[in-house]
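Down below are the structures I want you to see.
Each of the two complexes below includes chain A, the first together with chain B, the second together with chain C.
On to the complex of A and B.
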């Protein structure tokens, strides 16, 4: 059925192009192009002003040395990038982004899939569960950071409270220790976003025709086989969307890590985005040029990864 | 009882205080003659000579957005407007950390404020070097303005011998302790660092956390490091390193020893569990609830304690940070600094008016009002005014007065980038990811301009 849809779509495409020429409104290819540009212009202008121009400006800024807020920027060519290549914190940040990406894909999407599948059964309290699992998504991230910092609070927090039932003198340095800080924040991130993907998958599952399941069950398929051979394949486009969102989200991720992991030493707490922000704005550092170089690196990584994901999912579709 | 006292303080400020302050302000202005209007011909800017319809607007930024200082600063601004009907003062307040960001961004080319709050030290020096703040050296010479200030406080507002700001608030860092907890243990304030370590062991045995510390923002832990370095090498070692004197630097033995001292405290389990992951407010709560015996923190703690747990105030005692055996400093140095000063932006369109506002904000009456809200003024004030300070603040002030030298906070004195490196390396020491020698080396490298 999935492939049928695709082939239908494909056969439709040439039909659109094959509209008879000499249509009253069409005055040749050139005029058509102009008209198209005119229609695109308002959106493009906004996009160019708020997205393309700042990106270009970041590229330009990354070639300057900007010693302090008050100083005039000074042209240094690619020196910022040479420094970046030797910057341990930058590489650790990149590694952390990779970890976050891997963990998000490996935990959030399967967990969301599981929850969505379970909630697709007509169980009691289904709406309640759905709301509860989705709730973290609607909470502001600042509130989540505060809430979870109390979960991880040494000795008095929820987590230590549970551990202390078994070991009364336990006290964990969860958000301060270089070994655990980011891992703890990653758990919170998964807790937050799983509900979002769950809702996405639930919508996908709801659109799968019930007859498919009826037919399969009549043929003696088990619940697992129904999931494996109906739900999963039918959800594939949805999973691809979720994975893309997940990948992009993990690359540009900022807020919970910035707010929760700041107690850990620098090389064990930064993501590319938090490192960039701290370089540019925190404590009047004013290293705008160097921060812009980090931003350019982040852009390059995100562009490459997102491009690969899009290319890969397109190729699979064909 | 203390709660009542706090209430009275608040009431005085709200009701009678502002009126009294305004009256005082008027006198101060007449006395110092800075409420000059009409402006002297020639020196007057276009804005001040314009008719009433086009009022000059001064923007005034500060971060003292809590009861007490807020009322005083806003009251002073309103009073300035009544004295200068052609001027409107637009007061904007910011949160501490956000302010640093905001100021650096606006100073870099946005819309800088006319009169603004500063901590002095390295941040102010950076602005002065970039030509963003007005040189006040000549202005403070006029009519004895400069003589109002405590010389030690004024030092924080200078760069290359020139005055770039005027201080109002002075603070210092003693070791605060919980009196009754010490009595229960029959402990006396430790004189030496070794005694301190031994005392930490005794508290741990009793199940009491020796020191409350919430090091998430990195500066609370740095106070220990700054003190230890000052005890080992004296403030001179720090100044020599900061000024890049030949042959001196942050690799000096004093800094390495300070790092070792931090490690010794961590290994003696002197701090609350997970101190790197909790913030200062959480640590303060533990201290105020009597779960920790000691707390190294600035004098601003008193106002916080008054607000959050007034009945703790009688228990709040302090002692000077212990000395180290063989150190260059025999306890004559106290860590402290200016916690509120005012600078005038170079971009200001009406510098005369802005300077007059800064002068009003640091009037002798303002100094006395400052005592009344429980804070130590950076100005000379009458003894009777100082008597109005809360008991713990007076005890800390006695330490400050007994000290021969003030060691500035590194993160306020050093240029921003080096200050950041200091906080990071100190945090690394606390977390055990950096060895004392490595931390010193990283600081030195950053000071030399690398990284």
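On to the complex of A and C.
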């Protein structure tokens, strides 16, 4: 992925000197060897202990049957994965990750594009709009989950409250019904993240030279044509970055789905991460080996998709 | 059509802002009042809900815990990441590219994949750190590293070579150049890294939920979650608890929003 700087364009000052990158400190023919490793060591130690080793350990655990914290793990080879392949909840979780991904791309990014474009026109109180639209990004997801559970509360919630103005006997179990639970959580997820992409696009639009628009308007271009032929093409790199973030983020996603959709039936609410979590840590579960197999699947999906996206965007760039 | 743009924006502003306004108002209304009329303004504001939250919910302690954990994890990860990024940007050594890629890969790893193993690592059979600050500081610092290393490496690469040479003439070694030249120059990037990681860690939920069970060690998100479990039926009190958790954060955001927006977006886009 590129490394676009937001809000402030990368300075045009000499970025690196003529010498090849990394040929920094004077060093012997072998480079900085030991001294360089001393600089890297603290980070590597923390990273290895708390990230890499646990990942490796999850791979190992996925080959064991381990039914509770007290039990002794028992080697079962790939049996956990064979079971995974027949597990309806697992496949539904994978499907939901795909839905979340598609929904994020199809709703959040266009909505953010719309907001950023509308805010690019002179308008009173632009700062207020930006501040409020971005505010959900700053809130803890627990607070968002608690707040939105009141939006969806049957009968007394904010949503039913509005509907009952027209139909006084209405009461929908939004977060408990298998048909609506995940969709409702998705709406909340959009509420949380759209402002983030909006800010990205606002920064992108701000860096488009105003003369392009002036020239186009002079030639009689409509607002829509300006958007279609100037804004959109100029924003393309930014949109690609946003889409990549969207894809990786939706595969990893956990928080709001776990917290809000608790009351819905299993097949209708899980993502890969939440399913893994419940298998391991929900009371009465503790199926660590099987949960590790789900974790490995999640890991594989994340890397496969991220690899594909990277490869695809590189190929486009060339 | 002139009115259309502001109209769309205003409508979206209402939808986005309404839950926040409702939360703030509901915290100031009594339980009975709320049940009778969920959407009224707080005509006679009452601080009763806030008083009830402070009595016994342990929010003060949770604030302190969150603050300690976030500060420690950010300090550790930023320090370690800066040193590593400096080596990646300005030094030559075998395995540099491979090692850097290893750090980059961390941005794709779904954090929850490590929870089962971390749970074991922190358990009685391993480091036995559960219900201590270290149980959270370690993993938080670890997962903050990839993004920090990437952003700081870019910043260090932009450091002009002349400065480095001048410092060397003055007798600076590698560490001297890192400490006296590179770090001060990279201050904006350091601010970005600190803001991004501090906010992510302050709001983190799933790790805290598994690695902390002692009430006295809970972070703020955990305290809020348990508050909802215990008194979720008390609409007013829960809204007061929400305000206590969210409003200080929003206040910081309003005060320093330029830095915060840049910290969050630049942090993510570098990914």
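Here, the second predicted complex is superposed on the first by the 266 of 318 C-alpha atoms of A that agree within 3 Å, B and C clash if a C-alpha of one lies under 4 Å from a C-alpha of the other, contacts with A are read in each partner's own complex, and residues count from 1 in each chain.
Assume a residue touches a chain if its C-beta (ideal position, glycine included) is under 8 Å from a C-beta of that chain, and two chains touch if they have at least 3 such contacts.
Fair warning: this is a prediction, and the values are worked out from it, not measured in the lab.
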| item | value |
| --- | --- |
| First, second, both or neither for A:237, with chain B first and chain C second | neither |
| Chain B versus chain C as contact partner of A:254, first or second or both or neither | second |
| First, second, both or neither for A:176, with chain B first and chain C second | first |
| Partner chain in contact with A:266 - chain B first, chain C second, else both or neither | first |
| Dominant toucher of chain A (residue count), chain B or chain C | C |
| Touched partner set for A:154, first chain B, second chain C, both or neither | first |
| Touching partner for A:281 - first (chain B), second (chain C), both, neither | both |
| Which superposed partner A:98 touches (first chain B, second chain C, both, neither) | neither |
| Set intersection of chain A contacts, chain C complex versus chain B complex | 69, 149, 281, 288 |
| Residue ranges of chain C in contact with chain A within the complex | 5-6, 8-9, 12-13, 15-20, 22-23, 35, 38-39, 76-77, 79-81, 83-84, 86-94, 96, 99, 102-103, 105-121, 123, 138-139, 141-143, 145-146, 149-150, 154, 157-158, 160-161, 164, 168, 174, 177-178, 199, 202-203, 205-206, 209-210, 220-222, 224-225, 228, 232, 235, 238, 242, 245-246, 249-250, 253-254, 257-258, 260-262, 264-266, 268-271 |
| Chain A - residues contacting chain C, complex | 1, 3-8, 11, 13-17, 19, 21-27, 30-33, 35-37, 39-40, 42-44, 46-47, 49-55, 57-58, 61, 69, 114-115, 118-119, 121, 123, 128-129, 131-143, 146-151, 156, 158, 161, 191, 195-196, 199-200, 203, 241, 245, 248, 251-252, 254-255, 258-259, 272-273, 276-277, 280-281, 288, 291-292, 295-296, 298-299, 302-303, 306 |
| Chain A partner contacts - residues on chain B that touch it in the complex | 97, 100-101, 103-105, 107-108, 123, 126-127, 129-132, 215-217, 272-278, 282, 411, 415-417, 419-420, 423-424, 427-428, 431, 433-434, 451 |
| Residue ranges of chain A touching chain B (in the complex, touch as defined) | 68-71, 83, 87, 149, 152-155, 171-178, 181, 262-268, 281-288 |
